[in-house]
C-alpha cells in the first residue's frame, strides 16, 4: 500500500511540472505585448516598461520559468496587479469559501445521487427508476447558471425564503478563524450566525450539486446493475440472503469503485465549475476571484488562481486513487 | 444463443443488399427499439432543421429592435415574449440554434480528429510515443475543463470562435484516451493476432482492423460530447467569454437578460429551456447509440 | 417415490424476449433421490443450467419465467414459492456451486466473511463457534492453512482452491441437495480430478444428494449413479448410468457417446452428429432431433415421441412397438 | 530421414514483471523455458498440458508471433528468427494459425468473404475475381456454402466460425498449420465434425499440423507424436501410441489417469495429484514437478532433469530414467 502510494505520488511529478508550464505559458500566449494588453491602449511606454520589469517579462523565457518555479516553491504566488497585494495572502479566504461550498454540494450529491442510483438499479424498469433517471438526465443537461437564476428568482424574489447573494447578510460579519464559516461560527458558539451561514449556503450548494448528483446517480445505477448481474451476487443469492442486504451490504462495495472515480472527478470539476455558481450567487470564492481578475486582465491572479485550483484537482484525484486501495483488496498487488 | 446451421439462413431478398446496407439495417433495428433514443434523435433533428431553415421559420430578424414593445410577456404576436430591446425572443432562439450546433459539431469534430490521431499513435506504437502523449493528456486533464477553456479564452480573447477552439482543445484528451484504450483492447483481440499471423503489416492492421473497431465508441462519445460542448459554450457565453452581444447565443442571451428576471422572467426562462432541450436530445441520442452500437449488449 | 427428495414435474421455463416467448426448458421431468448423484447432461443451450436456476428460484427475471409444471422439494411445490420461503431454502436446504470459480466469489470480501454468511443467515450460532465451524469446513474440502485462509481474499487463491471454497460455502449448512453447475469445466484436468474426488467423498460422508450438471460424459460416467440427458429443452433419455452408456436408446445419446475421441485407441474418423443444436422454438413439429438423426423415419417429422420406459426411459420412436 | 519441416531448439520466453518504485523488473515469469522439438512434413505433433504450461506461447513463438527470449526456429532449414520483417511476412504464407476462440479470432466488422480473402490480398495472390472464386471454393471445402461469404461472423455458430477460421488459414496454401486449442470452445458433437475436417484436409493437401490442446483424448485422436508440457518444459515426447499406452513420466501418468473416461465400467484408480501447478514466476528448484510428484526422490529437488532418450527411443525428462 505504501509503495503504491509513493509510486502514484512520483507519477504526479511530470503532471505537476506540465501544469506549471501551461499556467506559466498563459501570459506568454497572449498575442502581442502582454503588458500592453494588460494596461490597455492608453498606457504610457514607461508604465509598460515598468510592468514588463515587474513581471520579469524582459528576461529570456526559461529564466522566467525557473524564477516562477522558485517563487511557487517558496510560497510566492505573485502580486495582484489590481490591488498590489501578495496573491498568496489574498487567495486563502476565497479558496476557503469555495471549499466550503463545494464540500456541502458534494455531500448533497453523494447522499442523493448514490441512493437514487441504488434504488433505480434495484427496482429496475419501475416507475421510480424511470422518474429518477429522467430527473438525472435533465440534471446533466441543465445549465447550472440558469438553474441558479431560477432559484434566486423563485426562492429569494418571489417567496423570499432564502438569501440569494453572498456568504453572509450584508450587515453581519464573522470573525475569520479558518475562513470556513460553518466551522468558525461553531467555534465562536454563535448559533444564529451559523444558521445564517447555512441559509446562505443552501441555494448555491443545490445549484452546484445538480450536475454531480445526476452523474453520480447515473453511474451508481449502471455500476450497480452490472454488479447485480455478476456471478458472485448470484452466489450470495444462492445462500438465501435478502435483497436489501445484498444491495446495500454486498453489491454496493463492489459497485463503489467506479462511483468513487466519478466522485473524485466531480469534486475536482466542482472546484472549477464553481466559477459559474459563484458569479451568480456573488459567492466570494476562488472562481469569482479569477472571474474578476479576467475582467481586469489581472494575469498574475488568473495564473495563480488556475494553478491552485488545478493543484487541488490533482490532489483530489490522487486521494481518490488511494481510496481504491481501501475498497478493493486487489489493488495492492498492482 | 445457440444458432443452427440451417436456421441462420438469411432471406434471399436481404442477401442481395450490400453488407454495409445490412449493417445499417441491423443497427436501425436495435436503435428503433430504444424509445428514449428515438425521442433524442427527433429532438436533435428538430434543432438541425430549425437551424437550417431559421430564415424561413423565424417570425422576425435576429436584431429587429422595437423599443415600444420591450420586455413584453408571451403573446400571440410574440410567442415567447420580447427582450429589453424589444426583439422577438423566439426568433433569437431559432437563430441561436445555429450558433450552438456550430460550436457543438465543430468543437467535437476537431477534438475527434486530433484525439484519434494522438490516441492511435499512443496505443498502437506504445513505449516512448505512448508515454509522451499520455502525459500530455494527463496534464490537460489535470485542469477542470471549464477552467481550462476560460484560461484559453482569456488568452485568445472572448468570442464564439475562440470558445469553440477552447472547447475543442479541452476535449482532445477525452477522445485521445478513449481511442488509446480502445486500440489497446482491440490490439489484444485474437483477430489482430490472426491478422499478424497472415503476415499483415502495421498500417494495414490499423486501418483495416483497429480503426473500424474503434469507430462505435467514438461516435457514442462524440454525440455525448456535443451535449457538453453546447453547455460549456453557453456557460462561456454567460460569463461574457463566448459569443458577444448582440449575437443570439443562448448563454449570452441569458447573461444580458438576467437583470430583468424579476419583471420579465420569460427572457431568462426560454433560452435556458432551449439549452436543456437540445442537450437532452444529444444525451438521449448518445445513450441510445451506445446501447445500439456497444458489442457487449449485442448477442 | 417416497425416497425422492426433489422432484421436477413437467417443468417449463421460458424467456420472454423482443422476439416473443423462447422456451428454454420445455416440460422436463426427473427426480433426485436422497443421497444420490444425478447427472444432468447436454450440450450448450439444452436448458440444463436454466433448469438448475429454476429450481433455485434464481432465474434472471425478467426475461426468464417458470410457465408451467412443479418443483417438489420434500413434497412441497416451490416452483412459485414466495421469495421469503425460497430464501429459507436456498443455502440451507438446497445449495449451489457454479461453473466459474474465478468470478463466483466476491472479490472485495474475505473468504471468512463469505464462508460464514450462509451459516449466520440460517443457523443460530454464537460468534466464537462460527470461526471454528469455518475452519472445519475448509479442512473438510481439503484446504491447507485453513485459519489463515479465512482472512485472505479470493484473488489470492488459485481456481481449484476457489472451487473448494465454493463447495465449502455450499456445504456450510448441510444442505439436502447440492446443485453443481459445470463445477469442473473451467478447471484443468488434474484439478478436475481433485474436485470430482472431493465431491464424491462429501456425497458419501454427508449423504447430500448432488445434481451434477455437465456437458462432459466422462465426468458423468465416473461419478454419477443415474443420468438425465437433455436436448433442446427436453429430456431425451434417462436411466441408470450403465444402461445409458452401454445401451443408449436415443440416437442423440448414442451420437454423443460415439463422437468422443477415445483415450485408449485411435480411430480413423470420429463419429459425428450432423448439423448443430436448433434454436429454441425453431422446430415446431415432430421430434426435435429429427433433422440431425441418422435413423430418422417419416413419423419423426410429424409427431413428437413421448418419454417412455420404466427405469430406463427415452423419447424415441425407434424402441417403440408401434413404430 | 529427410530434414524436418520445422525444428525448434532451446526456445525460451521470459516475461518480466515490473514492480517496485522505479518499475524495476521484480520477477520473471518463465512461460517457456527451453523447449526443443521437430515436426516432419505431413505429420501432426500434439502439444498437451494444463493451463499456464506454456503450450500456446510455444506455438506462437514457432511462427514468431511472439519474439522468443532465446532459442532457434528452423523452418525448411532456415532460421526464421533471423529473417527481416518483410522476409518474415513472406514466410508467414507457409505457416498459418487456427485460433482457439472462434468468437474472438474473426473481426466482427468484416464479412466472412473478406476475412478469408484478406490473407490472399496481403500476399498478392491473384486478382480480385480469382480471389473471390477461391473464397467460394474454400467455403465449400470446409463444408459451408459459398453464399455465406456476404455474412458477418456473429451470424454463425461456434462450429461454423471455426470452419471459417480454417478456411482463412488454408487460403494461402500453407505448409504448416499451428492449431491452438481449435476445438476446446466447441460442443462435443460439433468438436468431432471439426476434428474430422482437419484430418480430411491434412490428407488432401499433405498438411503438417502442430495441434495444441489440453484435452488428451482429442490430442491422441489427431496426433502422430505428442509432447507433454509442464511449467514451460517438455517432460515427455514420443509417438502417441507409446505415450498413451505406456506413459513414463510421472506427470504424464497422472495426467492420463485424471481424464474421466466415458465408460462407467472403467473406473481405474486415479492418481490424484496434490496441490496446484506452481506459478511460473516461482518454479520449484530441481525438477519442476517434484513437489507434486508421487514418486519424487531426493535428487529431484536438487537437479533439473534433462530430456533423454529412454530404452524404447522416446524422450523423457525424469530422474527415474537416469
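Order of writing sets the labels: A, B, C and D. Residues in every chain begin at 1.
The rule is short, and it goes like this: a contact is a pair of C-beta atoms (placed from the backbone, for glycine too) under 8 Å apart; a residue touches a chain by one contact, two chains touch by 3 or more.
Note that the coordinates shown come from a computational prediction; the quantities given were computed from them, not determined experimentally.
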Lowest number of touching-chain links that must be crossed from subunit B to subunit D: 1
Most centrally placed chain - per-chain CA mean versus overall CA mean: B
Where subunit A and subunit D are represented by their mean Cα positions, the distance between them in whole Å: 55
Distance from the mean Cα position of subunit C to that of subunit B, given in whole angstrom: 49
Geometric centre distance via CA averages, subunit D-subunit C, whole Å: 32
Whole-Å gap between the CA centroids of subunit A and subunit B: 24
Contacts with 2+ other chains: residues of subunit B: 2-5
Contacts with 2+ other chains: residues of subunit A: none
Junction residues of subunit D - those touching two or more other chains: 157, 160
Interfacial residue positions of subunit B with respect to subunit D in the complex: 2-5, 8, 10, 15, 19, 23, 189-191, 193-201, 204, 208-209, 212-213, 295, 298-299
In the complex, subunit A residues that touch subunit B: 14-16, 18-19, 21-23, 26, 29-31, 137-138, 140-143, 145-146, 149-150, 152-153, 157, 268-269, 271-273, 275-276, 279-280, 290-291, 294, 302, 306, 309-310, 313-314
In the complex with subunit B, residue positions of subunit D that touch it: 60, 63, 65, 88-93, 96-97, 99-101, 104-111, 118-119, 122-123, 147, 150-152, 154-157, 160, 165, 168, 172
Complex contacts: residues of subunit A adjacent to subunit C: 229-243, 250, 253-254, 327-330, 333
Of all residues in subunit D, those that touch subunit C in their complex: 50-51, 157, 159-160, 187-193, 195-196, 199, 214, 216-218, 220-222, 240-241, 244-245, 254-267, 270, 272-273, 276-277
